[in-house]
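One structure, as structure tokens, below. Some questions next.
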């Protein structure tokens, strides 16, 4: 039985990526794509890349009850933070799966949202019900949803840093303070609307740091690592903007708790990801390009005896595994479908 | 029944793209990938993008009879020109489909190969048997192969220019002399081996013409247009190198034979491509990015009353529709499979 | 004696490029930079690339009489079309040189501005007084200004196409109808303000045509070529957007009037540019990257006996020779300074 | 009096950049450019960007005594490590300044070269005589050369990391162990010869780490920081390759020794660089693009009370300030010329 899927906030990059992935998904039929600013115009006019696949789909305006009207089994939300919390309660009123790609339901501690997003949360009581949509850490919780409820998928940097560090933290191999996550992202992470810092002439041939000490993915990385550590973990996170469309590479630094070698830390990664369909543990430094357009994550680690550091590195496509692909993967698990359904594992190269 | 597929010359970019596409193809099982210079090494070592999909596949050396030994139903050849003519006779000795992505069997007139490739052809008697693998022009001939024989797929620029111009030439709307094809390609068209003119520092932030008056795709464009015109067509072709990985845009200029309008030339394109699954006729100028990683071709045309020109433009991904995707499409037709099997129609965006 | 220079409309890319070039110019002292939307903020805040050179310069608002107040000897205007025509009369009221980089005073025929810019011209009586600021064609007229009056510098595509074709047209080697100019530009040609079609995620890895049949540089190319031909010349112009910051390459097609060879057309270019300090005639196809950041223009040509075409190609940096560098060169001539003063002839490579 | 300058190893990128800078230098006349692999061919054939400036210069082969034959006052060496140590003794036999841009004479401790470069040093006795060519740290030593002797200019990453960290280390504000330097470079840092990892199709749209734990700039960064600290400093250095031509950004992490604030660490930078002509201390995160083609360095720092880290960031152009520009600056000081002579401080933007 093919499920009826809708995308609320489909005009952004994560929406377009969902449309790309769901077109190749054997179990979903996209019957709704909302985009208030584009309402009434053809999806193919905004994204000619979708013209051959969706010749007749147009953006609609969202209104209360729309998901019921259309009989949606699953809704993906690709809305800016602060917006999905206004809509999710309505979506959840039906017996369906709601997968939120935004930031509103990711942080478990109700004190964190106001502190990092500088606004009150509208429905803090929902935070406890949201399942964090990272199957590599929360597969059981996702499966337990049984096809309905709320999934909050991780931030793109968060998936990257978490998959690099979690096995090492969980194994107690590294200290839980003093961790540094130094990461670089392609420009699509900043979204579709034109801004001074995302024009070609600003970005091309440029590399720069941004959001020093204050990036909102910081508490989310800490939440994940604290979860696997069983104690508070502290992270300093520095994001950079690289002149490319897609891709995130996180280079993470942590202090070993005891004697480690490059081989021993890699072995921990290999053991942790042995049965993961999307995680590739490699001896070579991962490259974002190897993951372009696929749901794969490439991970490695090494240990430096000389200076006393463990370095763990992960690469992925921020729009696929880092956003829409990860969301489809989480939805697959939550809906009892094969976890890899509709998800490319081959990157576009070159 | 899944067919056993092999790729001879799999270490180049068209080989890697074939591996990408065949992994998602429901009817093919890749059981052989040769690459003499890489023999013995893992496919995933050269192309980490394929690591999750082909964890155990390694490049092998080619030897006579290998296709028989492996029981191949279909072989794709991604070899440099001059090389596949040495191997294809051996491959054809079995009852199988051989799809050659190189230049050796494209030109029908035996005089053309030596003139444009500056070498004698080793098996000119095979030229008449090769079916030109452009389904939009030769669908019937491909289907008539009934699953065995030789298909020669077009050059990447050739597919682009042909699909822009053929309907206009066939309809007699434009003159058959004085046609100009001005095209730009991404760098992957130059292949994988490092060369001075394909290093990042040469290409990035550069735009340049090359192969002035002498590019080998010229006679092939003329052959296709002459075929649909029923008379000799002459084309001046100027390729350019653009700082991008993939994509070809061909902007073509032809003289109208009578009164035309932008609307009338577009209508001819729309009628010609009405039932084509991969051709999108648009009112907006096509963009290579809209076709990234997909088998789609975007086409438009306009007419300039003031200066007396018809301009026809096509865009596609040179490695997908322009090479490996087009080859799979031709193979699908020749094998009696659904023409779109395994072929993405959604481009990666952004 | 160092001249007092001002830039009106200094916040755009041509303004920033003027600031770059004038900082290295021995005869100019920049004492004014206006930018209404940025008034009050430091130049270095908008363009950190200028921080070390102009630590104390801030954008000001323009008002009537400002050029007199500051005792300006020369004013460069980097304003959008339609805007400089409102300001130039005020600037010209003093005895100074006004160099307009915009489109308002380029077209000599008063009927052309309304036809191509879809607006009435505010001061059409000034058109006859403006000297067209392309020293390679109008050096004498510029020198005759004697340091005061109005110079209208060419559009970026116009300089490129004109320098490729003018010697061939002037020598009567090619026909004056049926000329095609097919050109590609870097993204800086579209200006600084963020727009949907200039974001990194739209442009990077994309190549597309735009402004089909209607680009406003068309009549200006025709005006220049008609000037050297002594009769009306007609041109079809197709611009493309390439994923790079700077650079224009124009590939131009014209019909020979008689027998020509590649050598004979190149010889005409060599003779025409023998004493030009910024024009390099080469046997290799020009590359935009070879001109990056310099005021050089690279030109070549070839003749195709087979199809009966002459192809002429030119490359330059759209912001340097194509805009601000060309403007400084014209100002140098008009002010009686050495023509090359302050103008780099070495491109940044890589 | 104009000095006679030669470039040994002029065919590489640092050689081309030296030719660019020296063309605009008022005190140098380039009379020799060697490049063994290119001997006999025109400089303009390899670098068309230099065609207008050096129409008649050709690469020559190097031979013993060549610098004497040509009466060189100053020689810049742009040779691979291991090669300049074979030539420098010959060059030093005359009374001239030799500025080596390679790695052979940078490390003071004779044990370090074999350990990091895996080869014996041919003339270890020269190490003590070489002055380290970073004027911001060794201005006095350079000036004391009085126009003759040997200067070893820093590695590109080294200049970047040193200028970010040195004032903080020197002031005792940060601990001398546990320092992390995480940096990204444009592709020109890998040199001109085509390699698999520098082709456009490998690099474009990719971000990756390389040389994990083993990059040869590590001991050089430690040497500089140890020099200013007056004690051993240990650094973990992770370089990354970014898809751009030029530019290095180093994001450096160090533990504060006491209470610091963002304002207090910035104040230390401002005080240290108050009179430096090429160092800009900013409140905004530095951007490599702001330094493109200029000799400027942009630096900032901040302190994170929450996690206990100081972050210091520097950006520069790896070929200008990071190599050839830094070398010219050092030569200017060593020759008693104005330190800024011939060195652009305005970056090319965009």
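A, B, C and D label the chains in the order they appear, each numbered from 1.
Methods note: contacts are C-beta pairs under 8 Å (C-beta built on N, C-alpha and C of every residue); 3 or more make two chains touch, one makes a residue touch a chain.
Not measured: the values here are computed from a predicted model.
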| item | value |
| --- | --- |
| Classification of the chain A:chain B interface as same or different, half of numbers criterion | same |
| Of all other chains, the one whose Cα centre sits farthest from chain B | D |
| Where chain B and chain C are represented by their mean Cα positions, the distance between them in whole Å | 39 |
| Centre-to-centre distance between chain D and chain C (centres being mean Cα positions), rounded to whole Å | 36 |
| Distance between the centres, which are taken as Cα means, of chain C and chain A, whole angstrom | 46 |
| Junction residues of chain D, two or more chains touched | 13, 187-188, 201-202, 204-205, 243-246, 286-287, 289, 292, 350 |
| Chain C-facing residues of chain D, complex | 13, 16-17, 19-20, 23-24, 47-53, 187-188, 204-205, 245-246, 277-278, 280, 282, 284, 286-287, 289-294, 296, 298, 344-350 |
| Interfacial residue positions of chain C with respect to chain A in the complex | 13, 187-188, 192, 194-196, 198-205, 243-245 |
| Residue ranges of chain D in contact with chain A within the complex | 177-178, 180, 182, 184, 186, 201-202, 204-210, 212-213, 234-236, 238, 240, 242-247, 249, 251, 253, 255, 285-289, 292, 302, 304, 306-309, 311, 313, 315, 350 |
